[in-house]
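I am attaching a structure below and will ask some questions about it afterwards.
In order of appearance the chains are A, B, C, D, E and F, and numbering begins at 1 in each one.
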Amino acid sequence: MRLRSRSLWLLLVLMVLLLPAGLALGAEGPAGGTVKPDSGAEAWMLTSTALVLLMVPGLALFYAGLVRTKNVLGTMMHSFSAMAIIGVLWAICGYAMSFGPSVLHGWCGWDSSRLFLSGLDGSWKEYAPGAWIPEYVYAMFQGKFAIITPALIAGAFAERVTFRGYCLFIALWTLVVYNPLCHWVWASDGFLNRLGALDFAGGTVVHISSGISALVAALYLGRRRGYPSTAMSPNNLVLTMLGAGLLWVGWFGFNAGSAVASNMDTARALTVTQVAAATGALAWIAIEALHHGKATSLGLASGILAGLVVITPAAGVVTPAGAIALGTIASCVSYGAILLKNKLGYDDSLDVFGVHGVSGMTGAICLTFFIRQAWWTQEAVALHGQGWNVWHQLGVQATAVAVTVVYASVVSLILLVVVQKTVGFRLDEARERAGMDHSLHGENGYGLLNLN
Amino acid sequence: MKLITAIIQPDKLDDVREALIAAEITRITVSRCTGHGRAQGGVDTEELYRGQTVMPNLLPKVRLDIACNEAFVEITIAAILKAAKHGGGEVGDGKIFITPLEECIRIRTEERGGQAI
Amino acid sequence: MRLRSRSLWLLLVLMVLLLPAGLALGAEGPAGGTVKPDSGAEAWMLTSTALVLLMVPGLALFYAGLVRTKNVLGTMMHSFSAMAIIGVLWAICGYAMSFGPSVLHGWCGWDSSRLFLSGLDGSWKEYAPGAWIPEYVYAMFQGKFAIITPALIAGAFAERVTFRGYCLFIALWTLVVYNPLCHWVWASDGFLNRLGALDFAGGTVVHISSGISALVAALYLGRRRGYPSTAMSPNNLVLTMLGAGLLWVGWFGFNAGSAVASNMDTARALTVTQVAAATGALAWIAIEALHHGKATSLGLASGILAGLVVITPAAGVVTPAGAIALGTIASCVSYGAILLKNKLGYDDSLDVFGVHGVSGMTGAICLTFFIRQAWWTQEAVALHGQGWNVWHQLGVQATAVAVTVVYASVVSLILLVVVQKTVGFRLDEARERAGMDHSLHGENGYGLLNLN
Amino acid sequence: MRLRSRSLWLLLVLMVLLLPAGLALGAEGPAGGTVKPDSGAEAWMLTSTALVLLMVPGLALFYAGLVRTKNVLGTMMHSFSAMAIIGVLWAICGYAMSFGPSVLHGWCGWDSSRLFLSGLDGSWKEYAPGAWIPEYVYAMFQGKFAIITPALIAGAFAERVTFRGYCLFIALWTLVVYNPLCHWVWASDGFLNRLGALDFAGGTVVHISSGISALVAALYLGRRRGYPSTAMSPNNLVLTMLGAGLLWVGWFGFNAGSAVASNMDTARALTVTQVAAATGALAWIAIEALHHGKATSLGLASGILAGLVVITPAAGVVTPAGAIALGTIASCVSYGAILLKNKLGYDDSLDVFGVHGVSGMTGAICLTFFIRQAWWTQEAVALHGQGWNVWHQLGVQATAVAVTVVYASVVSLILLVVVQKTVGFRLDEARERAGMDHSLHGENGYGLLNLN
Amino acid sequence: MKLITAIIQPDKLDDVREALIAAEITRITVSRCTGHGRAQGGVDTEELYRGQTVMPNLLPKVRLDIACNEAFVEITIAAILKAAKHGGGEVGDGKIFITPLEECIRIRTEERGGQAI
Amino acid sequence: MKLITAIIQPDKLDDVREALIAAEITRITVSRCTGHGRAQGGVDTEELYRGQTVMPNLLPKVRLDIACNEAFVEITIAAILKAAKHGGGEVGDGKIFITPLEECIRIRTEERGGQAI
C-alpha cells in the first residue's frame, strides 16, 4: 500500500524532472508590425494576476477556519496543493488545451507550440481595443482561474479525503472538466462563446462547474463520520473572516482583470463587483437578523461570497443598481439553499454548492434582466443583429448553464469513481477520527495548544 | 486541608475572583475546561452556523482549584456560591467538588502543611 | 424588543431590495471629444482601490488582536459590517452627496443623476494633468475611504456596544458627518478646498473626523465594565502585527492613490508614506526603550500607524526629510497622548483618538513647516498669488482642523444620543460580560480553544 | 546595563530627530526635454513596491509560525523592525550608497545630493527602453529589497538573540554588506554588473548574501538551549502557510518588478516566477512522499520558497520549461541540504542557509543552462560580442557567487563579533528560557491562551 | 462519592462521551492536557519537520473528570474502558484515576452530597 | 498510591520534566493553567501595553499531575523541588499538592492498582 503510493509519487517526480527535456525551444513569436504595447493595461493585468493568486491563500483561510482543529492544515493543503499541481499542469498543457484552436470536434483546444508555454515569448496580443499585452500575462492570469476552481470543490468533502486521492482528482478534473469548459466559454472558437453566452469572469467555468462537481462529490463520498449528530464547530472564525477579506480584494483582479484591459469595461467590472459584494453581505446579515435575531460573522462572510459569485458572470454588462439587485437575490437564494441542504441531510461540508453553485447559476441566469441599456443597443446588435432581446439572451444563458451542469456532474462522477477505485479517495475511519493533519501530513496546525 | 474544585461559567470568573479576594482567599489556580451538565446546560448556549441553530457538545467552562485549610472551606464555598450564580441560579452555573488534601508544599521555601497553603 | 429589532432589519432589507426599482437608467455619459484615456493611471487607481479595501481586513485584524478573546469576532464585525453598510450607502447616495455640486449652502453635494452611480457609465475625467480615468474608478476609490473612516471609530468603544446600534450609528454618521466633510475638503466647490486647505489623503476627512468622534463616543458611552482595575490583555498580538502590516501596504493605495494619477506626485506620495511609516515605528520603539527599557511589538505597530496617519494630509507637499521629521513627531505626541489618557482615565479602548486624532491633527498642522520649496514657488503662487507664506498656510490648516473638530464632535454627540435612545448603543452588563461574540453573534472566535 | 541600553536608544532617537536639520533642500531635478513618462510602467512599479512590502509581513508570519509559542512576537519583530530601521536608513543614505556613482575604488556608491532622497524630486529616468518612471519609485522599490534581506537572516538565529543586538546588527549589515553588494551587482558602474553577471532580482544580492550570513551567524551564536534533544515544534503552521502565500504573491512584485518596466521582460519574469514556485512546491511534496510516505504542509511551503528563490536571479533569461527544471532542482538540493544540516547538527533554526543560500546559489549557477535562445543571439552578442557561450557565462556567474559568499561571510563574522562584544547578541539563559516575547518585549503573543 | 479522572487519546473523545451518555453518565468535565506515558507513547505519534521525524516531548491527550456516586463508579469505568481502547488496547490509550470525593455542591440550588452529583 | 499535583512556572517545565525522568518518573500529565499566588506573583511578571505597565490578573502556569506509589512520593517531590526553583526560590515558583489516590487503571490492559501506575 505504502509502496504503491510511493511509486505513484515517483512517477510524478520523474515526469516533472523529465519534462524540460521535451521542451520545444522557445521560438520568439514575431512581434507583428502593428503591435502597440499598452503598458497600463499590462500593469493592471500583472496586478490582477497577483490579486487572483492572493485568492488562493484567502480561500485556504476561509475554508480552514471552518473545519475542526484537527483538519486545519489538511484543509489548507487542498488550496495550496492546487497552486502546485495545477500551476505545473497549466504551464505544461493547460493553456494549450484551453486557448489553442479547437480540436476533437471542439471538445478542447490544442496547440503543441504552446506546450510548456514555449511559443509565448515575444507574442503580443490585442485582447481589447488598444489593449496590447504580452500573451504570457494572459496565460498566467487565466492559469490562476484554473488553480482556484478545483480548490473551491475541496470544501464539499472537507475533513474526509485522502491527500493522494485529492491530488489525483484535481489533476484529472482540470484536464477533462476545466480545460474543455474554459475552451468552450472563453476561447474565440469555443462553442458557448460563439453562441453568445455571457460569462464575464467565470460564472459557468468557475463557480457552476465547481459547485456542481462539489455536490456530486459530497453525495458520492458520503457524510463525515458523526455528521450531523455531533456538532462540528468552526475552529477559527478569525481565519474565515480574514479569508473573506482577502477573497474580496482578490476578486477585483478576478473580475476587473477579466476585461483584459485598463479601460471603461474594467472600471465597470470593478464597480459592480464592489457593490454586489457589499450588498450580498448586507442582505445576508439582514436575513439572519430576521430569522434568528442575530447577525453572524460567518453570515457576513458568506454574503460577501454570494455577492461576489453572483456578479462574476455579470460584471461586464450589468449596472451598479443591477449589482445591488443581484447581490440581494444571491444571498436570499444561497441562504435558502443551505437551509434546504440541512433538511435534506447531505454533507456538503462548507456549502460549496449552496454558495458557488447556487449563486453562480443565479448570476448566470438573472444577469439577463439587469443588462445596461447601451449593451442592448450596441454590443447585442453587433453580435446578434437587430431584435435580439432579453428572452433570446435568457435562452443562451440557460443553455450555457445546462451544458455546464450536465457536463461537470457526469464527468466528475466518473472521476470520483476512478479515483476511489484506484488510489482511494474517502479516508478510512481511524485516520478521519485522528484528523487529516496528523494522519495524512504528520503535522499539527496549532502547536501553541500543546505545551512546548 | 481540602482541595476545592469549582466548575463555573466563564463570564463569572471575574466576579468569583473578586469575591474570593474579598474573602481573603488570594491563592487560586484557574484553568479552561469544557463541560456537559444537565439538559445540555442552560439557556442561550446555542450557536449559529449558516442559518442553523447548533448546540455544542461541550460548553466552555472555567475550573478553579483552591487548596485551603479546614477553617476556610466554608468561607470559600460561600464566596463561590454567591458570586457564581446567574440571577437566582440557572442551569449551567456549575459545581463545587471537595477532595481531601494530604499535603501541601511551597516550592520556594519547601515549607509543608497548613502554613504552605 | 426582539420584535422591534426584527422590524428594523426588515425595513433595511426591503429598502435594499426595492432600491433597484428606483434606478435611473444608466445614461451613457458622452465621452467628450478630447478624452485621452490614461490606462496607466487607471491601472494604478484600480490597484489603489484594491489596496485601500485591503486596509479594512487589516484594520479588523489590528483591532481584533487587541480586545479580549470573547470579543474578537464582534470587533472584526465592526470593520466588516462597514464594508457592507457603507459599501451599499456609498453606491446609493454617498458619492452623489460627496462629489455632486454643492447644495444647501454648500453643506453637502448632490447630483441625482449619480444616485446608484447611474450616470457614471462612459464618463471619463481628467483628475490630474493628462490622467484621464473613468469616473467609476474614482467613485470606487473614494468609496473605500468612506468605508474605513467609520470603521476606525469602532476602536474607541470596542467590547461594549450593540451590533444594531453600531450599524445604525455608522450609517447615520457617514451620511451627516463623512459625506459633508468629504465634500468640503475634496469636492472642487467645497469651501475648505477653496480656502486652500491642504489635505492630500484625508488628515481631516478621515483621521481627525474619526479620531474626534471616537473621543466623544468613548466619553459618552463610558468605560468598559472593569476598566481600568481589571487588566484587559490583547488576545492575539500576532493578528495585530499582521493587521499593521496590511495597513502599511494598503496605505500606499490610500496616499499614493490620492494623486489620482500615475506620475511624479504619486511617486512622491508613496515615498513620503514609506519613510514616515518607518520613522514612526522606529521612533515609537525608541521612546519605549527609553521609557521602559523594552520595545514592544504593539509599540512598533502603533508607531507605524502614527507615522502613516501624520503623513496622510501631508503626502502631497512634504519632502522625504520632512516625512522623517513628521514621523518622529507623530510618535512622540501620540505616545504622550496615550500616557495622558491613562492619567485621565477615560476609556478610548484602542486609542483611536490618541493615534488617529492626535497624529492626524499634528500632520494637518505641522505639514506647513515641511513643504518642499518648489510648492511655494509654483503651486502656492498659482493658487494664492505672490507673498503667500508659511503663516498664511498655517492659518488655513488650523481653520480646516478646527472646523472638522467642531463639526464632527457636535454631530457625533447628537448621533450617539439618538442611537442610544432609539435602538440602544451601550451593551447591557450581562451581554458585555458574556462577550459580544456569543451574545451578539451566537459565535465563538476560536473554536480551537474548546475540544471538538 | 539598563542605563547603557537607554543611552544607546537615546542616541538613536536624537539622531532621527536631528536628521531633518541636515537635509539638503530638495532641489527639483530638471526633467530633461526628452522625458516621456510611462504611466503604465510606473503603475506596475508602484504596485511592485507594495507587493514587495507585503513580503515582509509574509516573512514575519512564515517565521513566526515555526518558532515556539513563547517567541512568536519576538520573531515577528525581527521582520517588522527591519521595516523600521532599514526603512529609515535607506532613505537617509542607503540609496545614495547603492546607486550613487562608485567611490572608494568601487566599494560602494555615493551621491551626497541623494542623501535623504533629497535630489529625487522631479527626476525621471528611463530604466528600460521607453519605461520612464520617477526615480523616487525606483528608490522605494529598491528600498524594499534592502528591508527584506536582513530580515531573512533572522531565521538562522531565531529564538535566541537580544533585540538590541539584532537591531544593531542589521543596521550595520545593511551599511557594510548589503549596500556595497547592491552597488556591485545592480548599479550601472558596479563591477559585477560590468562583468556581465546575471542577477535579475537578487540571487546574489538578496538570497546568497543573506543565506551565507545566516550560516555564519548560526555557527557563531551557537545552538538554542535544548537543541536538538528537545523537540521544538512549530507553534502555528497556519501562520506559516499564510506567510508562504503572501510571499508568493509578493514575489511577483519582487521578480516582475525587477524589469522596472511593464513590457515583455516583465511578463516573462512573472511567468517563470509562477511556474518555478509551483514546481518547487510540487517537487518538495513529491520528495517527502517518497521519503516518508507523507507530504507535509511545511514541505509545500518550503518548496514554494525554494522555487521562488531559485528563479530570482534567473527570471530575466530562462524559459518556462527552464523554470520547471530549476524549481525541481531547487527543491531537491534544498531538501538535501537540510538533511545534511540535521546530520551536522548546527542550528540554522529556520533553514535560511538551506533554503535561501543553497537554492540561491543553485539558481545563480544553473540558470546558465536554461537561458532562452534569443538571449544568446541578441543580448549576449550585444554585451560580449560573438562567441560568448554557456561556459563563459558560467564562469561569470561562479565569480559573482564566490565574491558574494566570501565577502558576506567575512564581513558578517566581523559584525557578529562586534555586536556580541558591545551590546551583546546571544540571549542569556534565563531570558531564552522565559521566551523573547515576555523577556524582551514584555508581551505575550497569544493572550487567548490565558483566561481573560 | 468518587472523582473519576480519565486521561484518554483525543480521537477517542467522541466515542467515550457517547459511551458515557449511553451508560446514563451525562455530567462530565473535559479538558485538554498533554502527557508522557511509557516508551513515549504508542505507534504513529511522531511528526515530520522538514524531512526529519520528530518525536514530541508531550503528546496531546484529553482529560475527563467525572464525579459520581459509589453505585456508578464501576459503570463509568466500564464505559470508559470499552470506548477508549484502540483495537485491543495500544500503548498510549490512557489511564483512569479514582480519588475520594468528600463533598459535591450544585451551585444553582446549593444542594449538597449525592443528589448534587 | 498518591496523586501529586504541582503548579510550576512555565519556563521550568523542561527542567522539571528532565529531573523527573532522571528520577525514573516517566509518566506524567501536563496541562496549562493560570494562577494567582502571593503578592500577585514574583518579580518581572508585568507586561507592557502602550506605555503602561500592566499586571495581569492571572499569570500563566503549568500543572503537572503524577500518580505514583507511596515509595516514589518523596522522590518525586524532591525532584520537583530541586528543578522548579528559580535560584534559591522566588515568589511564584509554585506549589505541590498531594491527594490520596484510591485506584488507578491502565486502559490498555485493564490492570488495576500499583502495577498500573
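Heads up, the rule we're going with is that contacts are C-beta pairs under 8 Å (C-beta built on N, C-alpha and C of every residue); 3 or more make two chains touch, one makes a residue touch a chain.
Computed from a predicted model, the values in this text were never measured in an experiment.
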| item | value |
| --- | --- |
| Neighbouring chains common to subunit A and subunit D, by label | B, C, E, F |
| Contact-graph distance - origin subunit C, target subunit F | 1 |
| Chain pair, B-C or C-E, that carries the greater number of C-beta contacts | B-C |
| Over-half contact-pair match to C-F, picked out of the listed pairs B-D, B-C or D-E | D-E |
| Euclidean distance of C-alpha centroids - subunit E vs subunit F, Å | 20 |
| Centre-of-Cα separation between subunit F and subunit D, whole angstrom | 44 |
| Between subunit B and subunit A, distance of the C-alpha-averaged centres to the nearest whole Å | 49 |
| Overlap residues in subunit B, where contacts from two or more other chains coincide | 10, 30-32, 34, 47-48, 56-58, 99-100 |
| Junction residues of subunit A - those touching two or more other chains | 38-41, 43-44, 47, 72, 230-231, 233-234, 236, 262, 292, 294, 296, 298, 441-444, 446, 449-452 |
| Overall pattern in which the protein chains touch one another (line/ring/star/complete/other) | complete |
| Contact footprint of subunit B on subunit F as seen in their complex | 2, 6-8, 31-38, 57-58, 61, 63, 77, 80-81, 84-85, 89-100 |
| Residue numbers on subunit B that touch subunit F, as the complex places them | 3, 17, 26-32, 65, 67, 99-110, 116 |
| Residues of subunit A that touch subunit D when the two form their complex | 2, 5-6, 9-10, 12-13, 16-17, 19-20, 23, 25-26, 28, 37-44, 46-47, 49-50, 53-54, 56-57, 60-61, 64, 72-73, 76-77, 80-81, 83-88, 91-92, 116-118, 120-122, 124, 133-134, 136-137, 139-140, 143, 163, 236, 239, 262, 440-450, 452 |
| Subunit A residues touching subunit B - in the complex, by the definition given at the top | 230-231, 233-234, 288, 291-292, 294, 296, 298-299, 302, 335, 338-339, 342, 351 |
| In the complex, subunit A residues that touch subunit C | 38-41, 43-44, 47, 51, 68-69, 72, 130-131, 231-238, 241-242, 244-246, 248-249, 252-253, 256, 261-264, 266-268, 270-271, 274-275, 277-279, 281-283, 285-287, 289-290, 292-298, 300-301, 303-304, 319-325, 328, 370, 372-374, 446, 449 |
